[in-house]
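Labels for the chains are A, B and C, by order of writing; each one numbers its residues from 1.
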Amino acid sequence: MEFYTISLLNGISYGMLLFMLSSGLTLIFSMMGVLNFAHASFYMLGAYFAYTVTSVLGFWAALLVAPVLVGLVGAGFEKYFLRRVHKFGHVPELLITFGLSYIILELVQLVWGRSSVDYRVPVALDGPLFTLYGTQFPMYRGFMMAVALSMLISIWLLLTRTRIGLVIQAALTHPEMVEALGHNVPRVFMLVFGGGCALAGLAGVIGGNAYVTEPSMAFSVGGVIFVVVVVGGMGSLAGAFLASILIGVLQTFAVAIDASLMSALQTAGVMLTPETFGYALWKLKLSQVAPILPYLFLVLILIFRPKGLLGKREG
Amino acid sequence: MSFALELKDLRKSFGKTAIIRGINLAVPQGERVGIIGPNGAGKSTLFNLISGRFEPTSGDVLLNGQRLNGKKPFEINRMGLSRSFQITNIFPKLSVFENLRCGVLWSLGYKYTFLKFLADLDDANERADELMQMVKLDKKKDVLAINLTYAEQRALEIGITIAGGASVILLDEPTAGMSKSETSRFISLIKEVTVGKTLLTVEHDMGVVFGLADKVAVVVYGELLAYDTPDAVRANALVQEAYLGSSVADMQAGGH
Amino acid sequence: MSSKIYEFKPFNVGRVVIWTLFALVLLVAPLVFTSSLSQTMLSQMGIAIIVCLSYNILLGQGGMLSFGHAVYSGMGSFLAIHTLNQVSGGWPLPVSLVPIAGGLSSMLVAILLGWVTTKKAATPFAMITLGIGELVWAMSLMFPEFFGGEGGVSGNRVAGAKTFGITYGPQIELYYLIAVYTFVCTGLMFAFTRTPLGRMLNAVRDNPERVEFVGYDTQKVRYFAFIIAAFFAGVSGGLAALNFEIVTSEVVSGYRSGAYLLFTFLGGATFFFGPILGGILMVLAFVLLSEFTKAWLLYLGLVFLFMVMYAPGGVASLLMMNLRVAKFGHLRELWVSYLALGLTALVVLLGAAAMIEMLYHLQLNAALGPELSFLGGTLNSKGLNSWFGSAFIMLTGLGLFELCRRQFAREWGQIQESIEKEIKRMETL
């Protein structure tokens, strides 16, 4: 029983992290039509910046400073590079963010090295939040969920209650009209892009020390958030939320389960040997399959519900 | 004898907003219909419903007696219906000749083959040449479509629309953005190339409509107000009421 | 710079000449570059040319941005090497046909996965290919029986019947096999662009909505093109399996897919021969540039970035634009500007490279002390002089480059205008 509860909570906190990342991606995509291939790279930057700032100023300063830094990098990129390719169409925009992901990766490795860095959970947050039937639920996970939740609520408030939020919503579908009304749409784009990147950076700050901080972290989480966005339905924040939680929970459960089809058959009395056809498939443990579950999910969704869980438009 | 195009109590709503509110229309073969109505009346939506871009919320669309509901655009095209677009929809990076040739390939049965060379397809090449002559673009055979003038692009668009030999042609504001002289030339072009076909044209230029159409259909707020000869429509009180202002004078004068 | 699209339309005589030249180059290259490194590189270039051309069926001709093409070249490699091992075990298949087996197996994978992949277009398509690429790569780690686990799968290309005494043992023999495949595959892929499916693929790229209204199912067009591209990718993979005699799961990695994208784009996706340049550049970069400097990936990323911004048609488009200028007789007016641009760019590069190399040196070779040799001189990566000097050179170079660039842009613009006037004049004749 406790396994399910703890795993569920862990899964939800991982899912919230995924949502922090995929929401930024979805906002940028809905707003500017650009798929930011380097989004996970900004996540990585957030973690690394936080690592450095923590060693100088402490974790709480890092929580504030690192996302801002990442946001500035993102905004700068939008202004000086992304904007120039806007006129060529969406494919070149995607390509330039693709190039950026390479460059960020190389620069990170250049500055911080190719192996993982020791970015740790601060002592104040290390330890159990509560103990459930003998298993601990880490305080830090709770902290992660709290940060993610408060961030997302503030964004929702920003978009729906403030003037700038309304302008952003309008520019989402009618950028020319908004510009004709006198708003500085390029500046709004820059803000949104920078904001989305800052969000990714914040995810990096709180995720980098819970999980490992290393150069390949962008690549490994990058694939999953693209899956989340497609599965949730391109351009749908609610869909991204649903997909993030689902995938987060699914993967967390799968990783912890060591059962395989073979062991399931064994309990039914059927014994399989290495000679059995497809043995390689039967003996796979769910925990081994866990990394590909999001992608399997993607393929299934594409076959049975191509516009995604809550997708409104056809891509 | 089945009608070329039949709309039976056609309705379309987007969410709670009803755009098309029950249209009944039966267009016989070979008739030319001009569709007029104020902006936002649902004329483009009507075209999109017929051509398969949207699915009707209820009601039927019948092409030569066959139901079109829910079919994909290419299926509908293969059944004999073709359309042009309000915003020019051609293949910008292909030449004029290539544009037209693309329009005929399926109708000549070439499908997805990659085992024949385009240069060897005599019937396709001849037909493309023919079409070029018809839309008077034969001097610009190898010019990339993106480099044509606006009027030439619209002519090319018509060419692609009729290329496949469809029997029912939908033209969405074909003369949009053209000058007076270009418009009258274009109308004669349309008349020439759509001989024998059933034609539905959405137009705002009343002169065009009254000069080209056998019948006029008036669509206002998603409903069909009138479907009659141009003169009858002009005199129709309901239509006059719906069209307040200068358009009334337009209609009474038979154009600008 | 003007953003018009140009078409490569040589006369028929010209076409025969070009293909003959191509065949000659393939034939003669290893006799001119005789070192074993050259022969290895030439072999790899042939393989790269085929896979980049196959990638461009998707990217340049179909407008389909795929982040997972390595799945198809990689599966071709794996199935080819398994086939090769069967040949060693007694199957009567000549080694020279093993790459075809690779191609056919990739085609099968594409038939299976392609329908789902091509359900969407543009950006969603790109993400789906990414997802499926990750899926296959992750699966390659789960099934060591097929994918060989950490050590991969090895084979021996000296196997089976030896026709005319050719064993494919020596590199030069394998090179000529690769050369034949390269010539034939290039020819076939070129022919494809002149078929109905090839042309409709272009139409789908330009205007998918219109395509539906001339009677074609755009998804089917993309699906079939996807399968054909996968076939050639598989052939390339099969040749790679023969060349390296070992296949590891790296061949289906996202990293490799990214390389295909990068170099095909760099070579030029808007012209047929662009990916040929791309394939050559890919091998040069991986084999030579990586030896030259540890910062090669960074340079590559930067070059790619600037290409996307200023020359999205790649090297091929730059060549063609200048050929057009030459055809109209204006090229000599530009040579001074080009020289100035080149020199200032070199200065910028020197300064930037010095700083990058010092950074890399600090990071990777710190144990060797702070000094490193750079183009014949020494730099002190911890010395302020070196840093200031490099920064100064780079910034001065940047300033001068910008000045030259503005002048060049002005001249280029004027030339383009006069060319366009000339073209209009010729059209009315």
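Convention: contacts are C-beta pairs under 8 Å (C-beta built on N, C-alpha and C of every residue); 3 or more make two chains touch, one makes a residue touch a chain.
None of these values were measured; they are calculated from a predicted model.
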Original post:
Among the chains, which is located farthest from chain A on the basis of C-alpha centroids?
Top reply: B
Subject >> Central chain (by mean CA position) >> reply: C
**OP:** Please report how many Å separate the Cα centroid of chain B from that of chain C, as a whole number.
**Re:** 44
**OP:** Could you please state the distance in Å, as a whole number, between where the Cα atoms of chain A are centred and where those of chain C are centred?
**Re:** 31
Subject >> Interchain centroid distance [CA atoms averaged], chain A/chain B, Å >> reply: 47
Subject >> Residue ranges of chain A in contact with chain C within the complex >> reply: 29, 35, 81, 84-85, 88, 90-92, 94-96, 98-100, 102-103, 105-107, 109-111, 113, 219, 223, 226-227, 229-230, 234, 280, 284, 288-289, 291-292, 294-296, 298-299, 302-303, 306, 314-315
Original post:
Which of the residues in chain C end up touching chain A in this complex?
Top reply: 3, 63, 65, 116, 119-124, 126-128, 130-132, 134-135, 138-139, 142-143, 145-146, 254, 258, 261-262, 265, 295, 297-298, 300-302, 304-305, 308-309, 312, 359-360, 363
Original post:
Inside the complex, what are the residues of chain C that reach chain B?
Top reply: 4-5, 7, 191-192, 194-200, 202-203, 205-207, 209-218, 220-221, 224, 228, 427
Original post:
Which chain B residues qualify as touching chain C in the complex?
Top reply: 51, 72-74, 77-78, 82-83, 85, 89-95, 98, 101-103, 105-107, 110-119, 121, 140, 143-144, 146-147, 160-161, 163-164
